[in-house]
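Order of writing sets the labels: A, B, C and D. Residues in every chain begin at 1.
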Amino acid sequence: AEKFPGVGRTATPKEVAAWDIDVRPDFKGLPPGSGTVAKGQDIWETKCASCHGTFGDSNEVFSPLAGGITPDDIKTGRVAKLKDPTAGRTTFMKVATLSTIWDYIHRAMPWTQPKSLSPDEVYSVVAFLLNLNGIVPDNFTLSDKNIAEVQQRMPNRNGMTTKHHLWPGNEFGGTKTPDTHNVACMKDCAPEPKVASFLPDFARNAHGNLAEQNRIIGPVRGEDTTKPAPK
Amino acid sequence: PAALAQGNPVPTEGGDPNILNLPEHSTGLGQGVNPEGSYGMPSKYEAHVKRRISPGLTQTTQASVSFAPLQSLFGIVTPSGLHFERHHQGWWDIDPSKHRLMINGMVKRPMVLTMDEIMRLPSVSRFHFIECGANTAAEWGNVAVPTVQYTHGMLSCSEFTGVPLITLLEMAGADLKNGKFVLAEGADGSSMTRTIPMSLILSGEVLVAYGQNGEMLRPENGYPLRLVVPGVQGVSWVKYLRRIELGDKPYATKDEAVHYIDLMPDGLHRQYSNLQEAKSVITTPSGGQVLLDKGFYNITGLAWSGFGKIKRVDVSVDGGRNWRTARLEGPVHSKALTRFNIDWVWDGKPAILQSRAMDETGFVQPTYKQLRAVRGTRSIYHNNAIQSWLVQENGEVKNVQLS
Amino acid sequence: PAALAQGNPVPTEGGDPNILNLPEHSTGLGQGVNPEGSYGMPSKYEAHVKRRISPGLTQTTQASVSFAPLQSLFGIVTPSGLHFERHHQGWWDIDPSKHRLMINGMVKRPMVLTMDEIMRLPSVSRFHFIECGANTAAEWGNVAVPTVQYTHGMLSCSEFTGVPLITLLEMAGADLKNGKFVLAEGADGSSMTRTIPMSLILSGEVLVAYGQNGEMLRPENGYPLRLVVPGVQGVSWVKYLRRIELGDKPYATKDEAVHYIDLMPDGLHRQYSNLQEAKSVITTPSGGQVLLDKGFYNITGLAWSGFGKIKRVDVSVDGGRNWRTARLEGPVHSKALTRFNIDWVWDGKPAILQSRAMDETGFVQPTYKQLRAVRGTRSIYHNNAIQSWLVQENGEVKNVQLS
Amino acid sequence: AEKFPGVGRTATPKEVAAWDIDVRPDFKGLPPGSGTVAKGQDIWETKCASCHGTFGDSNEVFSPLAGGITPDDIKTGRVAKLKDPTAGRTTFMKVATLSTIWDYIHRAMPWTQPKSLSPDEVYSVVAFLLNLNGIVPDNFTLSDKNIAEVQQRMPNRNGMTTKHHLWPGNEFGGTKTPDTHNVACMKDCAPEPKVASFLPDFARNAHGNLAEQNRIIGPVRGEDTTKPAPK
């Protein structure tokens, strides 16, 4: 006998097809198709560049998608610039899995019309982005047949680790101990404290008048940041 | 401090005019019960207690965040009208009679359920915190924002009601031997996807939730259905949940392959870093507030851990040299906010307030020094360092970091 | 039953159009984070979930009541916007900066405190139910109203934050040896007064509260200050609290000498009947609802006791002949609502649903027969009898009483 | 040393006088003064009758204040009509303590102008209500001097008991056990249940359309009470 009679029904194949759109790192879920860099550029210029910039480098609507990658990164699978504390981080500097890009553009982009692109259009625009980042040549055609090979050129493909304590369960073989090991010392624990960082005076009002961000009663008030600090 | 008048002066006329002259509410007839169809709202005098946007943080409002006003909240429940917001492609008010949940992947029988059907199943109600993985992100390198609303306000706690996900997977005949990862997918424009840890599903902790603080989820929080993944960063609590897929491999979705990955000093990114480690913060007195006077104060704040229950919270008023153990409001719920309180008499001299949480695993919240020693300052996510608030002689409280 | 279409029909076009045709929220950009100064509200699809007035119950709206929609709530927290209302002379939105609390009577030093000062004192946060002593009053003699909103809706549960009253009494140097009764007085037109039991004050349970569910009390519930008297009927939870007096005799105020007294069959009235005994009610399925279909249902409801924690709740689906023990959502708080759930498969035949609470004292909620045998049918207050809901073959649920 | 330095201050005598207005059953708190039935009637007709009726018997704004009392009740201090299950219950049938009436009118009436009456006015209007209920004669003057005597004529002065289980603490010497003693029987506990009370069909829509008082989704719907029950 059913455990919950009357509740739920079998999904039809059509229904599963309509919603099961995810694409995994091993490319399970990827629909067949293909697209060229050139076609991708057309799509990009019509449907993407307004937000992301002609070269995927705009910071106006979202952080840059392209840039920061060297030919050597493509060889090693590690983006060297990620070690540079002063460098910005583009999407392609970070992402290890090409499936992620394909899947996300297919489900979510363009931002105002998600799911409006056909698979071939997605192949095209992904090809364009790969080209922008120097991963594939100008005349490249990306398809379900060669995408696994391109994955082998992803500049940060070796840039991920799951050796940490923050995944519940053993699936990724993370570490058993946390990163830090503070102890609950109660007396004379630290030297005389020294303030190393605080907001400069000129930023006093940068988040609006804090007097208006606290209740009008209570144990405290908000600082009137429209005026200099009282003596 | 001299800067501010006393709140309760000795009266000059032999009495406080607020007592001697009866107010109109003591001498008149008040308003009637609210008419049908109204929904109660806070007092007009509470207008300052609002969610806020951090200036310049995001370029759009639909891929953005509003912060909960922790400095003004009590207890552990976050009123739903003040729950922090985080959207990746905007929020929707979805017609629940048309919403569907699909279960597919490594199951004997892929299924479709209506909201009616989900709400007929055995349900549970539990208190849990939700914290954005990027909470306190601005502070990794230096002090960047002035108040606890902006430093810690991507944090809320509600009573969630829903169906354990394991119930639904079992209904669909899930292959729980080979199925090792679950994909959760939303119905919004981004159709947000995240890989959900199987261990938390098997423990019965992960919920397919429709209720929040006694009523339905708010539209901004995923009405009519969201995943609740206790202890895990908020991005996994997929809103507008439309699909659950059981698979044998992780999914590396955009928000676990491009964002919500933690950059380490060696240039490697940590992927699938899901849990929120033990953390705490003093909410009063806190940054941007002014103490009205010397004398007695109740220092109060919140502690939480994605690893279970909070066991203890210690508080220092001298920048971490000496500590006293605070009172916890019980019963303490696992993976929920825990309110702590401790007495303090302010002598008018500078003081540096800190709180330090310990959870049931024995883990103790780290200092900035300890945390940065391993993770550097660029990992964006999972900043659970001890927060310092400097109470200055003029009564103003500053967000500071110590060397 | 045939009367209603199935909620989730097998699709004729090979799929549910709500799945096959992607909704606009999956193919568009949603709304941005709420602008500064907004306070979040429920979905527009939740418009039916509202407080309601029982037709003809009172002659004015200012001495009246609005009932909480228990039939639509989850868990134990009552959203503050749906908290039941009970006013004796209307409600006010009082300027908290002008509100004062006075402590006088048998104290060494009569005191005045501002809200600022009260909020500086050591605070606690606790979950408690509040039930009007007259809840379920209409049902003493016969079935009178159709739904659980009207039968049991003068009931809510919140997390309250405030200062134990004992702290304030001690501050004022209270004579706790000779002081046996406390008067609590409000600042509204009626300046509501009630005699508060000293034992609950000494135990630290009675709170001078300003917080409710994480934010300040709502104006309808006494903003900025009300007394919280756990386990005791709501009328003692004096709103707009302005004064506390310690005395050696009870006060016989209007609402403990003319109302909130229980008429017994012998014509005597019970005075100072304060506590709410163990009680429970099934909220779904409940009166006025219609089951959509045969099959599985999660029977859910609420249990509470003014004497402490709920220990157990049993549920019958055959009008009290046979019972099964329900699951309680834990941790169970003392003198708070406790949510219970139990599985049930409805076979389409008539069924009578009942729930029966037991508290930590071992007291078991009575039947109507048992209760009336002692108290008759005219005592108005403290009706904690077991509620019966008749599920009819047509799926409609009726409020019934058994012989 | 103070336990909570800086918090709270001593109330002044003027302040206590302004707010400490309660009057206890032993008349502690009662201000001196007096008032006649005749003056009370004037006040009543100007300030009270519009809501409570000329004879305190109106049910329009609130339940009746006066009536239902016999001379015998005044002798025994028990209102006999309270035993009659068909009888309504007026304020003076129930109240045992005259202080309650004095205190309440003083603090709360007239409803739209509470605290507007002087002590003498309250004495007067209480005298009037006592007279309406046959407790004092037409020419009576009520004062702080004789109010304790009048208390001895309150018709239901012996009508209260505190012998019950519902006061926490021992102050009233209540009972130690509850009224009812249900047991948590689990199997074959009761005979076949018989429905003894339910709402008649004609009341189906008396509380509005219940379909609109339930959520539009969920395990159940609200009954459409604008239509007869389905078969």
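We take it that a residue touches a chain if its C-beta (ideal position, glycine included) is under 8 Å from a C-beta of that chain, and two chains touch if they have at least 3 such contacts.
Please read all numbers here as calculations on a predicted model, not as lab measurements.
The chains in contact with subunit B and with subunit C alike are A, D. With centres defined as mean CA coordinates, subunit D is found 66 Å away from subunit A.
Centroids built from CA atoms put subunit D at 46 Å from subunit B. We define each chain's centre as the mean of its Cα atoms; on that basis subunit C and subunit D are separated by 22 Å.
Across the assembly, subunit A contributes residues 3-4, 6-9, 15, 19, 111, 114-115, 215-219 that each touch 2 or more other chains. With touch defined as above, residues shared between interfaces to two or more other chains in subunit C number as follows: 8, 16, 19, 26-29, 45-46, 49, 52, 60, 62, 72, 89, 96-97, 102, 112-114, 116-117, 120-121, 189, 191, 216, 224, 242, 292, 295-298.
If touching chains are joined by edges, the resulting network of the protein chains shown has some other shape, matching none of path, cycle, star or complete graph. Applying the touch criterion to all chain pairs gives A-B, A-C, B-C, B-D, C-D. The part of subunit D that touches subunit B in the complex is made up of residues 3-9, 12-15, 18-19, 111-116, 215-219. Residues of subunit D touching subunit C in their complex: 3-4, 6-11, 15-16, 19-22, 24-26, 28, 59-62, 78-80, 82-83, 85, 89, 91, 94-97, 99-100, 103-104, 107-108, 111, 114-115, 156, 159-172, 178-199, 203, 206-208, 210, 212-223, 225, 229-231. Across the interface of their complex, subunit D is touched by residues 8, 10-11, 14-16, 19-20, 22, 26-29, 96-97, 114-116, 119-120, 216, 224, 293-296, 345 of subunit B.
Residues of subunit C that touch subunit B in their complex: 7-8, 16, 18-19, 23, 25-34, 36-47, 49-53, 60-62, 64-66, 72-83, 85, 87, 89-100, 102, 112-114, 116-117, 120-126, 159-161, 187-189, 191, 210-211, 213-216, 218-220, 223-224, 240, 242, 292, 295-298, 300, 329, 331, 333, 339, 341, 343. On the side of subunit C, the complex with subunit D involves touching residues 1, 3-4, 45-46, 48-49, 52, 54-55, 59-60, 62-63, 69, 71-72, 89, 102-104, 109-113, 117, 120-121, 142-147, 149-150, 170-172, 180-181, 183, 185, 189-191, 193, 197-200, 231-232, 242-243, 245, 247, 249-254, 257-258, 261-275, 277, 284-285, 288-292, 297-298, 312, 314, 318-324, 352, 356, 358, 363-367, 370-371, 373-378, 382, 388, 390, 392, 394-403.
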